[in-house]
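Pasting the structures in now, so scroll down.
In the two complexes below, subunit A is the common chain; its partner is subunit B in one and subunit C in the other.
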Partner chain A sequence: MDLENQRRVKELSEKYGAENMVIVLGAAESEAAGLAAETVTAGDPTYAGPLTGVSLGLRVYHICEDEMKAEIAEQVYEDQVSMMEMVLDVDSIKKEMSAIRSEYCKF
Partner chain B sequence: MLKNAKVVVIGDRDGIPGPAIEECVRSAGAEVVFSSTECFV
Partner chain C sequence: MNSVIQATGYILAHTPDLLVHNGTTQTAEREHNPESEYLRQIPQHIRSYRQVVEYLPNQTYIGNMTPEELARVEQPWYDKPVENASRFGTFGEIMPQDEFLLLLQACDVFDLVWLSTAFVSEALPRLAAHPLIGEDILAKIKTGVEPDAIEYAVSQEHAEPLYHNGLLVGYVRRAHDFDPNLSAHIMLENLVSKASSVLSLLHVVHQAGIEKNAISYVIDCSEEACGDMNQRGGGNFAKAAAEIAGLTGASGCDVRSFCAAPAHALILAASLVSAGVYENVVVTAGGCSAKLGMNGKDHVKKGMPLMEDVLGGFAVLVGKNDGVSPEIDTAMCGRHTVGTGSSPQAVITSLVTDPLDRAGLKITDIDKYSVEMQNPDVTKPAGAGDVPLSNYKMIAALAVKRNEIARDEIGAFVEQHGMVGWAPTQGHIPSGVPYLGFARREIMAGSIARVMIIGKGSLFLGRMTNLFDGVSFVIRKNSGGQEESAVSQKQIQGMIAKAMREFAENMMREQG
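Here is the complex of A and B:
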């Protein structure tokens, strides 16, 4: 995750409380989704950004996961996401996200 | 989970971009507190 985004995530978690935050990703690949998810839960795995060594444990989901889809207005999801969803490897993304959450998510 | 949550959106130019995710989570009653679209190229 780029450094500016890490800085904002850290700042906003301090401001609103980590338990009130949800991070929603739109990554094209499971590997990128996993890295971003790890960054906002366990800390920056590349040791480059402001979240290095900071384990926020935030709730983090990919927009294509069932937990998100269940809460989003169906027509909005259809208009905004469904086209891209068809070309993503959603199963692989779900598997990666779920593994990271079960290991590092605190909420 | 999304209703009244403070949501940070990290979109992807080659996946689902930030503004599309924003529309979605707002429809679920979330407050978007930051949104960005990353580019891995």
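Here is the complex of A and C:
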């Protein structure tokens, strides 16, 4: 995950409390989604950014997961995300995301 | 009347020592983790010049094989050398590092680049044999300095070392004692961009078969910034490169928008020419030393060669309608606006379907889409996936949503309207433009009629905005109309002026 984004996530978590944060990802590949999810839960696995050794355990979802879809107005989702749903390997992203959440999410 | 694509030039420069010493992945590693396993392993993963020439995507970039021929070879490509590969291609060349370092010096007009006497005497005959490098450029190369002077400049004067085959052969000195924007590091990056742009300009002029002084204007669309501490991005790379390339009749300017800049620049060039402001415009860009070896850690980890070992460059000549060359249809430009949003769907809609809708065309009416044509051999092992393929899938998915194709036709659409990527991961270099040379050839041969060029850029990297960027345009078969030559236009203007003058003189006489 981009170091600047890690810094933002860290600062926002400190400001609003980790329990009040939800991270929404838009990565195109399950591996990339998994890495970003791991970064905001267990800590930066590449040991490069501000979240190195910081286990925030945040709630984290990919935009194509059902939990997110349920939160978004149908037409907005249709206009903004449905095309990518057709392109991405959504099943493998869902699998990766729920595996990371069940292992590291604290909320 | 639409302007046309008259010629294209595509060049690569093999610069393995710049990769090791100047690529940001390597410089950052050296700074933060000097004993790293990655740095230790780099030498075993460097390719020879021969291997770089024989590399399938590189042969495609300079036009010696088509994207279709490349697609027929199973990936990965790095272990399948092309037999009888040649340095020069239909569109340009792959320059070796020693000649490029000499060209780098020829591009320096402030005595910043110095090379060793031994290196110059060894390499100069090879550059002198180059068919497009004339006496004007060769005369700018200095005889050289002794090794002691190089050692001293590097160790004592903050100079940036230049290596060849692992040996210290020269340096770039800083252009100011304390101005960070004129540091040796920045001067090297800027001169690298300039030199690869110059080589691209030489090739495009050669391809076009026109006199150098016939070029009116040059637009540089690379991703570097030149200036001093009071105007960090003052410019102008375009005019600086045009000077060395001998384009004495040209002015120019720089256009920037990260990787979207080449498409922006081509739209501007097409508009300037069709509006009659300039007779012709060359859009040019040199390469980026910072991006060399960008994904190197992944390549080394996977036992692959460091394939980001070439600088890329290109130049495209946009001219008045000659009745033959493919037209740039400026009525069909797509643009990502401030209000478009950043979801991929919104981006693709703004760039692809909005302009098509205005022209009453369907997604399938475009024969080929040229998107971010990054070489998947480089990006896939680095976890970035197959970039062109993802783009084509998005366009296909949009076609499904618009009921233009069925969902089970996505694969066939990608095959028919898409291509495999072959361009080096040099940011702006792979962005839409690598296909222009082939597109010109295919459209003129009648095998395709319409191509959409799409450029996208990550503006947020500059931390000035969170916005994304992109523009697109369509090139199509020439409709057969030919613009009157500029000479006759000028003649007409001259005749009108003369008649007006005579009329005024008569009036004055009558009044007097």
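Methods note: the second predicted complex is superposed on the first by the 107 of 107 C-alpha atoms of A that agree within 3 Å, B and C clash if a C-alpha of one lies under 4 Å from a C-alpha of the other, contacts with A are read in each partner's own complex, and residues count from 1 in each chain.
What we mean here is this: a contact is a pair of C-beta atoms (placed from the backbone, for glycine too) under 8 Å apart; a residue touches a chain by one contact, two chains touch by 3 or more.
The model shown is predicted, which means the values in this text are computed figures rather than measured ones.
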Touching partner for A:Cys64 - first (subunit B), second (subunit C), both, neither: first
Partner chain in contact with A:Ser82 - subunit B first, subunit C second, else both or neither: second
Partner chain in contact with A:Val9 - subunit B first, subunit C second, else both or neither: first
Which superposed partner A:Ala73 touches (first subunit B, second subunit C, both, neither): first
Touched partner set for A:Met21, first subunit B, second subunit C, both or neither: first
Partner chain(s) touched by A:Arg101 [first = subunit B, second = subunit C, both, neither]: neither
Touched partner set for A:Ala32, first subunit B, second subunit C, both or neither: both
When both partners are placed on the shared chain, which of subunit B and subunit C touches more of subunit A: B
Subunit A residues contacted in one complex by subunit B, in the other by subunit C: 4, 26, 28-29, 32, 79-81, 84
Touching residues on subunit A, where the partner in the complex is subunit B: 1-2, 4-5, 8-9, 12, 16, 20-29, 32, 36, 59, 63-64, 67-68, 71-73, 76-77, 79-81, 84-85, 88
Subunit A-facing residues of subunit C, complex: 341, 343-346, 348, 383, 385, 390, 393-394, 397-398, 400-401, 407, 410, 463
List of subunit B residues in touch with subunit A within their complex: 1-3, 5-12, 14-18, 20-21, 23-25, 27-30, 33-34, 36-38, 40
Subunit A residues touching subunit C - in the complex, by the definition given at the top: 4, 26, 28-29, 31-32, 79-84, 86-87
